[in-house]
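Order of writing sets the chain letters: A, B, C, D, E and F. Residues in each chain are counted from 1.
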């Protein structure tokens, strides 16, 4: 089977890392295709960027040239999963939700450790909407931005492990969910220091997607996720962007 | 003061109707500017269209050439309000939320009557996220599509009033919120037939926005709605679309 | 339009302060009438006093000699709003609820900072009943009694600002609601020190009441807030009190 | 031990009926003293009347000339229990809450059957505040007013039993709570027709009060129900009413 | 009346202590019969032991040779109450629930102080299932195992009182529920140090059971707690155990 | 990998059916071992039987002679999963929870269709404890007992499909969860008649268990599911039963 694993930002190296992680989790016969949106931010850390990613992921997935059996949306706490579910027949699995559902098999309460404080409410909101928040002990931020994780992995690991320890000790989490891009080292370190299982969202989502496909289950089309009704839509499919706009995308303050 | 009232679809006549409704509710000194997105669907009745609208509204509002004091997002149950709140300093009021908050001043429970059954979960989700669902007796659908409201107003009125009656009698609603575009006739008819106050979201949102402006209150910038961090964003500001693409936008089945 | 702003205690200077605050928030054409109950406690800091205030406010409002368009009940966390809603046709707005509903437009979570610890559960209960508690991060007490606010404003300001800071830092509040009588200085100081919007309940309630009146919305009369049924009521309208009883009201321990 | 059982309305025959019911439930050594408020409505069916009753019961109980060990507030869905708890050291038990807590020992879900539809939200609110609503299947109204129960008992019984049957069949109640004044016949009839236990609030509250007294438990005084602080209170203790005002209390429409 | 008070573990001295406590709380005419399970663990501190206790208590109660009017299940946070309710017609009262329901008459919020941290989630789960968790401020563990309470009472008292103080100061509990076996000294000490009422579960449950019996109330048999349907059951009634197995039960690590 | 799939009742033919269903869902390399408890009821339809099953499953699983990688507890709405989690290191997946978690990937709301009305509260309670109830539209009973499903499959199918249709039409379920033993025919028929995905708990649980094993995730041992502490346990391991007791187990009314 083929699973599209869609990064929510435009950073190719993160797509590669996510896809590699997905492959480690996948069944032998599963082909993992990493998808990088054509537009959007180089990292998603808020609602503006996340809404842009929602559209960019729908764009990238519907433009994918080939068949596929499921989609994993690989952004933590991001918007958009419901839109993909309308557009597609195959299952769509969000890593925020897959990680939570998986953690709930393993302990009484789980905590999420993520990057910046400002993304905490996004994650809380997605878990609440998904109805997976009742056993969430806390969502904690390490204070490290997404791209800093790559730039200074040692400090990142330390900051994240420290929050995981607090979650276990103070919030009574029994499982830690990694609410941020994959660092193989992280899982090992948290397990060692906290003695609890660590759930990586990408791995959890790939396994969930494979399960759905194998069980022949697809998104329900009777109501919420029915195909969009035929209507006049301007700007969709999304237009090409001039190559220059892509290559030279400046660092902008979007609303300046 | 000047308030931008943003339609979420590309149908100019609906922008006009919404703006007219906003003007009826506005204070004498308030200038209402109707905003129509440059792209998106001609009506929003699902997540795909709503996510597209989220971006299209952010695009239209940030491209507005002039000063303004507040924004009203005039779509019922739509995504996007959080993104606008990040991009702007001025208050942003969603009509779904303003209608609910207003209805709660008037009765013990309120019900929303909307268009198609498929939009009910979107509205329920937005009310849950907003923490305004505890006194919502029900969200009911009349079964009329957004554009049918314009095409066959008489039948639309009858269908909506019938649901309002059920909401009052069965669900014990004491206030009805109109979860759909404005028909002046509707409010009057429901009031007559059900004997309950009827809240129109656009009017409620304009009044709420004016109040926030007058009280000098603006969106909090300390965490969830802080300005997006400077970063590389491809495709933003959103590119121009060729005129042809706009004029001749075909009726498409988006994921066909 | 004319709005009655009802103080819940018998301290005239507080009525004056509340009315002044209301006037600062009101529209040019709005006449604010401060109402002081004929009986009750000189400050409300618990259920006994609050229940007494509920009746005293109903007494004062129904005895008001003149027309009016709305009532604001200006006590934080007090009983009684539902009774007024039954007796009157015009809108009734409670400042506890108006402040919460207003704060929810401005940030993801809000906190209330109030006076004594013993009033915290009253406020929590009113927010829960109103269905406005889902986004309340905390209700915090400064430890200053209502009348101490007047007596030692400097210390009061310091104590309240300190709690506001804790609310923002620890409870993740993004908006502060002032759950106590108006001190102009307070709003400014909290904004400066915490960098978040500050909502004053009286101002929020006046603006909400004005909005309801302008939109032609009144309390629903179909069920919960229907007029009381005609029946034999002893002691209502409430009897006159001998002048002496009013002038010389001793400081009593009510249940001693 | 002596328990004051406070009626919430001024109808002496109802006090007598309540006291008789209390005596049937009481332990041999328990003295039941029926208390009729000096003022208020002859039946409580809404917030105005209920708030008046809150004060009238506090007045009557604090003026009771003698010692007592506990107070039962015998009104279904009424305000005021928290005030009594502040004023007194002895336990205060509300029949709405005692009935719910008792029903929860007997079945998975319970329903309340009460009088008029307009009192349903009051009962729902009191159960929510008390944190006893999670296992409440429904609150149903028979449509009979409080005083009609006395006037046409046969019809009342039939209407109430019919609602109880619906509650068991449709709402899946396993226990019925009688949310209205005592008719011995009712319990027997519902038990026969529905095959479920029937809880009478007065009996449940008397038993709960006796238990608290026997176990030496009294209201906590550390925070919410601490004694009111000494302060200037006008009109308390409540003044005497001229005899004529009591005898000739007209049937009034309170806010006419 | 006769009440069976069932210990959930096999330690006879604890049955004796529980029965003594029950007798102190019981009415003069009530006969308390302490029941010790024939099998199970010598203390219950987790799910395995608690599930075993559920069956062992059902075994012991159904094998009791004589009539009885009610059963108290005297384990804090244990499984099994629902099974007893199916098997019996008489009321069954769980001490976890009786303590919570009793505490809720006395203060706005209560906290439970129990033994080991690992039992906290069991208690939380039972309170949630019982719908008695809304006013639970916290469940705190002293870190003392059940049998250590007997071995080193002085240290146990100190540890428990310390947690009770934290619950009152930090969690805003107004009542303390003792979630562990009875030590007369404890109640007194907590009351002294924290100034709040202390509820012992066994006493509360005995009083509740007596009340149900006196009011003629029994478990509803219409649905959840209907008698088990006749069917083939292997191993029930539970078989005798060889005396040796009982006398020499080794200290085992059950899943080693 | 090897997965033990534990039936909760003693009916071998049901174990066989469950194991066959598990094998259809399993990965090629997965060995499914059906486990039948040595004792307990021939079908589980209530708490008594379910508590007995909890112990019987723990007994059967811990006595299994061989290695295994995960356990699936294959009873709908049954007690016991937490006990297994304490005793074992490998993952334990309950079919009630796996089915719910799986359904939540596929639609906005799901409904469970089960056998007898009396088992509905057990399922509701398990979903509530698991924190998977927020998106459960309803739990509906077909009125067919477990063993009737085998005896009259045609009628069973019709009854279950009818409830599924109601769930989709009235309760707005978008996915149906089969809360009862497997009939291959059922899934197909419901899909045809209702047009929604149908989730079978056994298949969902096997897939979830395989995923956990592949991801190297095991039950957290830091708190709730830590190994039981070494202590004296009478009657465990559970004793052998005389062959006669097993073969000739009469149809008993357990508490007659």
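Just so we're on the same page, a contact is a pair of C-beta atoms (placed from the backbone, for glycine too) under 8 Å apart; a residue touches a chain by one contact, two chains touch by 3 or more.
In this text, all values refer to a predicted model and were calculated from it rather than measured experimentally.
Chemist: Since chain B and chain F are copies of the same chain sequence, what is the angle of the rotation superposing the Cα atoms of one on the other, rounded to the nearest 5°?
Modeler: Copies differ by a rotation of 120 degrees.
Chemist: List the interface residue numbers of chain A and of chain B, divide the shared ones by all numbers used, and answer same when the ratio is over half, different when under half.
Modeler: Since more than half of the residue numbers are used by both chains, the interface counts as same.
Chemist: State the chain with the largest centre-to-centre distance from chain A, centres being mean CA positions.
Modeler: Computed centres place D farthest from chain A.
Chemist: Using Cα averages as centroids, what's the distance between chain C and chain E in whole Å?
Modeler: Computed value for the inter-centroid distance: 45 Å.
Chemist: Based only on mean CA positions, could you tell me how far chain A sits from chain F in angstrom?
Modeler: Distance between chain centres, rounded to whole Å: 31 Å.
Chemist: Once you find the CA centre of chain A and the CA centre of chain D, what distance in Å lies between them?
Modeler: The answer is 53 Å.
Chemist: Among all residues of chain A, which ones touch two or more of the remaining chains?
Modeler: Expected reply: 108, 120-121, 172, 223-225.
Chemist: Along chain C, where are the residues that touch chain D in the complex?
Modeler: 10, 38-43, 45-52, 54-56, 58, 62, 79-80, 82-83, 85-88, 117-118, 120-122, 125, 128-129, 145, 223-236, 239, 241-242, 245-246, 249-255
Chemist: Sort out for me which residues of chain A touch chain F in the complex.
Modeler: Going by the criterion above, the answer is residues 25, 27, 91-93, 97, 101-102, 104-108, 130-135, 168, 172, 174-175, 194-197, 199, 203-204, 207-208, 210-212, 214-215, 217-225.
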